[in-house]
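Please go over the structures that come below.
There are two complexes below, and they share chain A, which is joined by chain B in the first and by chain C in the second.
Coming up: the complex of A and B.
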C-alpha cells in the first residue's frame, strides 16, 4: 500500500508541471479553437536561456524569450486566421513549423547537452517519501498561477471578454469586444505560462533540445482528460497524466510503461472528450 | 581537317590526364572517411573525422609510408544509413579509395558494407554494434572493428561491477532502443550464468526526463548493484538524480558512453561515486592517451571524448597494414595484411589490437578502464 501511495505522490508531483502546460493548451483551445504545438518549445527555450544566464535576471529573460516566441506565433496565427475566416489546421501547422524551428535553434545555439540546475542537495522526508524541496516550490507556483488565472477569467473585464470571444466570437465582435486582440493576448499568455513551466522544469528534471515535443504531448494530454472546458480541469488532468506515468513505470513491464500513458490519451481522445468543447457554444 | 584537329587535341588531352592520374596513383593512396559529421551522432563523428585528418597530415609531412602519401577523402553520412551506402558508392566508384574508415554509426556500417565488399575494399568500423561482425554476413571478410563491441564492454562491466565484488542481486535500468535492450538481455544472460538474481529490469525512452518512479521500483527491489545501460548522458543523469532522491544506496555502474563531461554536469552531486567502464579518460589520461591529446593540441584541437580514440585506432591499423603490403597496394592486400596484425600496440588505446583470419574484432577487454566520478571529475580506478 505504501508503495502505491509513493507512486501516486511522485506521479502527482511530476504532473504539476504538465498541469502548468495544460493551462495554455485549454485556454487557447477554448478561446481560439486552435492548438499551439510550440508550447513545449517555448518551455525548453526558456529553460535553455535560464541555464545559460542563471539567477533572477535569467528567470526574467527566460520568461521574456518564451513570451517573445509566443508573440511571433500569435502574430502568424492572426495573419492566418481572422474571426469568421478560420482554418484551425493551418494555424496548428504554423505552430508546428515554429516548434521545429525553435528546436533546431536550441540545438544550434545551446547544443545537445542536457540542461539542468539543482539548487537543492537535501530532501524533505514526507511520511517516508523523499522529495526534493523544488517539488514544493513547483506546487506553490502552480497553485498561485492557477488562482490568479481563475480570478482573471472569472472576475475581470478581460476574463469576461475572453470567455465571450470563446463562446461566440462573432457576437462578441458585434458587441465591441476586440476579439482579434483577445486571441493574440491568449497566445502571449500561453507563452508566459510555458516560460514559467520551462523555468520550473530546469530546476526539477532538466531538459534538452529534444524534450519540447514530449512536453507538448503531455500538456495536451493533461488538457483533454477532463474536457477542454477550462484551465482548472487541465491542471487536474496534468496530475492524472503524471500518476498514470508513475503507476505504469511502477507496475508494468518494460516498454508498456512508456506506451500506456499514450494509449490512455488515445482512449480519452477516442471517447470524444474533446468534443465537449461544444458546451462552450457549439462553435467548434 | 578541323574535325581531325579537334579529335587529335581531345585525344592528347585525355592521354595527358590519364598519365597524370597514373602518376598520382603511384604516390598517393586514397582512403575514404565516412563519418556522421551532422545529425544526432555528430558529437562522435566530428572528432572521429578531425583526428583522422590530423594523423594523415602528420604522416604525410613525415614523408608518408615508403614514400606513399595518404589522401583521406571525407563523406558526411548525416547519421543516416542510406547516406552511408551512398558515400561508399561515391568514394569507391568516383574517387577510387582502397580502404574506408567508418561509419560512425552501426546501422550506417551495416548499410555500406555490401557496397565495399563487392568492390573488395576493407572497412575499419568504429562501432560497437554486435551484428556488424556477424560471420553470417557475406561481407564479413571485409569488415574490421576498431572499437570494443557492446559485448566486450558489458562483460567488462559485469566482471568489474557485479561478479568480482561478489554481488548477488542485480538491477538494470536501460534505454528503450536496440542498444539498451540488447545490453539488458546480454547482462541478464551473464548474470544467470553466474547464479546472480536479476531483481528488476526497467526501461525508459530516450526523451524521458523524470525517472523517480523507475528509481522507486528499483529501490524497492533492493539490489546490491545497478547497471545503467544508456548511451544518452541526459537519461543517465536523470536516473542517478532520481536514485539519489528516492534514497537508493546501491552502487551504480554505467556503460561506456556515459564517460563524458555532460553526464557529470547533468548528474550534479548525485553522480558522485558512479562508475563507468569505458575506453580512455580525458580527465586522467594514460600515457598513450596523453600522447594522442598532444597530437590534437599541436593541431589546435581539444580532445572531446571517445570518438578520437576509435578512429585514431582505425588510422593506425590501416597505416600498419599498408606498411606490411608488398608491391602494389590494393584493397585485397590491405585486407590480408590487417589479418596479420596482432599484439599491436602502435595505437593510442591502452590495450593491444589483434585481428586474425578467424576474428575481426580487434579491441578487447584489455583496452577498458573503470572510471569513477569523484569531486565532479572522472578518476581512473584499478
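Coming up: the complex of A and C.
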C-alpha cells in the first residue's frame, strides 16, 4: 500500500509538468482549431540549451529559444491560415516538420546522451516518501503560472479577446479583434510554457533528443482527458498521465512502462472524447 | 479607437443629421466572390448620416455577399470609403476599428459561450476607457432586456434577444456606419417594433445604416432609400415614395430582372 501511495505521489508530482504542456494544447486547439506538434520539441530544446549554459542566464536563454521557435511556427501558421479560410492539416504538418527539424538539430549538436541536472543533494521526507525539493518548485511554478493565465483569460480584455477568437473568429474580427495576432500570441504563449516545462524537466526527470514526441503526446493526452476546456482540466489531466506513468513504471516490465500511458490515451480517444471535441470545436 | 475614427464619431454625434451632406460611407464597384465564382458585380452605393439604405432582393441576389465584402469577411474588391478614407483593402478588424460595424445574418457577431455582459465588453474594447460606461448605458437603454439578462450566456437568449445583443455589440465602438444583414429574419413581430425604434434612435443620433432585408414591409417602415439587387447587380434604386407600396416593390424583385 505504501508503495502504491509513493507511486501516486511521484506520478502526480511529475504530472504537473504535463499539465503545463496541456494548457497550450487546449488553448491553441480551442483558439485556432489546430495542434502544435512541436510543443514537446520546444521543451527539449529549452532543456538542451539550459543543460549547456546552466544557471539563471541559462534559464532565460532556454525559455527565449523555445519562444523563438514558437514564433517561427506562429509566423508560418499566420502565413498559411486566416479566419474563415483554415486548413488545419497544413498547419499541423508544418509544426510536425519543425518538430522533426528540432529533434534532428538536438541529435546533431547534443548527441544521444540524456541531459539531466540534479540541483539538490538533499531530499524532503514526506510520510516516508523521499521527494526532491525540485518537485516542490515544479508544483509551485506550474500552479503560479496556470493561476496567472487563468486570471488573464477570465478577467482581462486580452483574455476576453482570446476567448472570443476561440468561440467565433469571424465574429471576433467583426468586433475589431485582430484574430490573427491573437493566434500568433497563442503560439508564442505555447512556446513560453513549453520552455518553462523544459527547464523543469531538465531538473527533474531529464530529457534526450527523442523525448520531444513523447512530451507532445503526454501534453495532448493530459489536455483531452477531461476535455479541452481550460487550464485546470488540463492540469488535472497532467496529474492522471503522470500517475499512470508512475504506476506503469512501478508495477510493469520496462517495455510496458513506456507503452501503457500511450495505450491509456488511445483508450480515452476510443471512448469518444475526441469525437466530442471535434463536434463542438473544442468547447466541451 | 484610432484618432481618425474618433474624429468621425465625434463629428457625427455632435451634428444634427443632414442627409444632404457628404456620405458617411460611399462604396464604388463592390464585387464579391467565392473562390473564382463572382456573385456581386460592381455595385455602387452611399449612405449619409441619419439615413437608412435598404438593400432588397430575393434569395441568392447577392445581398449578404455584398455586405460581407463591404465588411471584409467575404473576398471581393471595390472602394469602401468612410469619412473619405478607403478601407476597402483592410482586414475586417481594421474596418471595424475605423467605424464600420457589421451584424451578420443569424447574429454571427455574438459569442454564445460568453455572458451578455462579456459580449458587450468585447464590443466596447475599442472605445477609450472613459467613454465605455456612457456607451454601455446607451446600449442598455436602447435594449433594456439586455440589462435583465446581464449574466445569461448569449447562447441561451431568445432569437430576438440575441438580435438585440448583436446590435448592441456592434454599437459598442460607437461606429459611424452600422451594416445589418437580415435583422428581422426569424423574429417575432413584437421584436420588429423594438428594432424599428432602435433604428430610428440611431438615425436620430446620426448613424448611417445599411441594411439587407427580404421582408419588404419591415424595410419600408424604416428605410429612407432602397436598392434592389438581382444576380449581383443593382436593378433598381428608389426613395420614400416607392417604399409606400411595399407589396408592389416586392413584386418587382420577386419577378426578377425582367420587371
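Convention: the second predicted complex is superposed on the first by the 266 of 284 C-alpha atoms of A that agree within 3 Å, B and C clash if a C-alpha of one lies under 4 Å from a C-alpha of the other, contacts with A are read in each partner's own complex, and residues count from 1 in each chain.
Quick note on the criterion: a contact is a pair of C-beta atoms (placed from the backbone, for glycine too) under 8 Å apart; a residue touches a chain by one contact, two chains touch by 3 or more.
Please read these numbers as outputs of a predicted model, since none were measured by experiment.
Trainee: Give one word, clash or fit, describing how chain B and chain C relate on chain A after superposing.
Mentor: Here the two partners, once superposed via chain A, fit next to each other without clashing.
Trainee: Considering only touches as defined above, state whether A:171 meets chain B (first), chain C (second), both or neither.
Mentor: second
Trainee: Looking at A:157 after the superposition, I want to know if it touches chain B, chain C, both of them or none. Which is it: first, second, both, neither?
Mentor: In the superposition, A:157 contacts chain C only.
Trainee: Please name the chain, chain B or chain C, that touches the greater number of residues in chain A.
Mentor: B
Trainee: Look at A:103 in the shared chain and tell me whether it touches chain B only, chain C only, both, or neither; answer first, second, both or neither.
Mentor: neither
Trainee: Scan A:179 for contacts with chain B and chain C and give back first, second, both or neither.
Mentor: So A:179 only meets chain C here.
Trainee: Using the superposed model, measure off the angle between the directions from the CA centre of chain A to chain B and to chain C, in steps of 10°.
Mentor: 140
Trainee: With both complexes superposed on chain A, which partner does A:36 reach: first (chain B), second (chain C), both or neither?
Mentor: In the superposed model, A:36 contacts neither chain B nor chain C.
Trainee: Across all Cα pairs of chain B and chain C, what is the smallest distance in the superposition, given in whole Å?
Mentor: Least C-alpha distance after superposition: 40 Å.
Trainee: Using the superposition described at the top, list the residues of chain A that contact chain B and also contact chain C.
Mentor: No residue sits in both footprints.
Trainee: Note which residues of chain C are touching chain A in the complex, please.
Mentor: 71-73, 91-93, 96-97, 101-102, 104, 108-114, 118, 121-123, 125-126, 169-170, 172-173
Trainee: What part of chain A is in contact with chain B in the complex they form?
Mentor: Touching chain B: residues 3, 6-7, 10-11, 14, 112-116, 118, 121, 123, 130-132, 201, 204-208, 210-211, 214, 245-247, 249-250, 254-255, 257-258 of chain A.
Trainee: Flag every residue of chain A that touches chain C in the complex, lowest number first.
Mentor: On the chain A side, the touching residues are 83-84, 157, 160-161, 163-164, 167-168, 170-180, 283.
Trainee: Under the definition above, what is the set of chain B residues touching chain A in their complex?
Mentor: Contacts found on chain B: 40, 43, 176, 201-214, 216-217, 220, 233-234, 237-238, 241, 245-247, 262, 265-266, 268-269.
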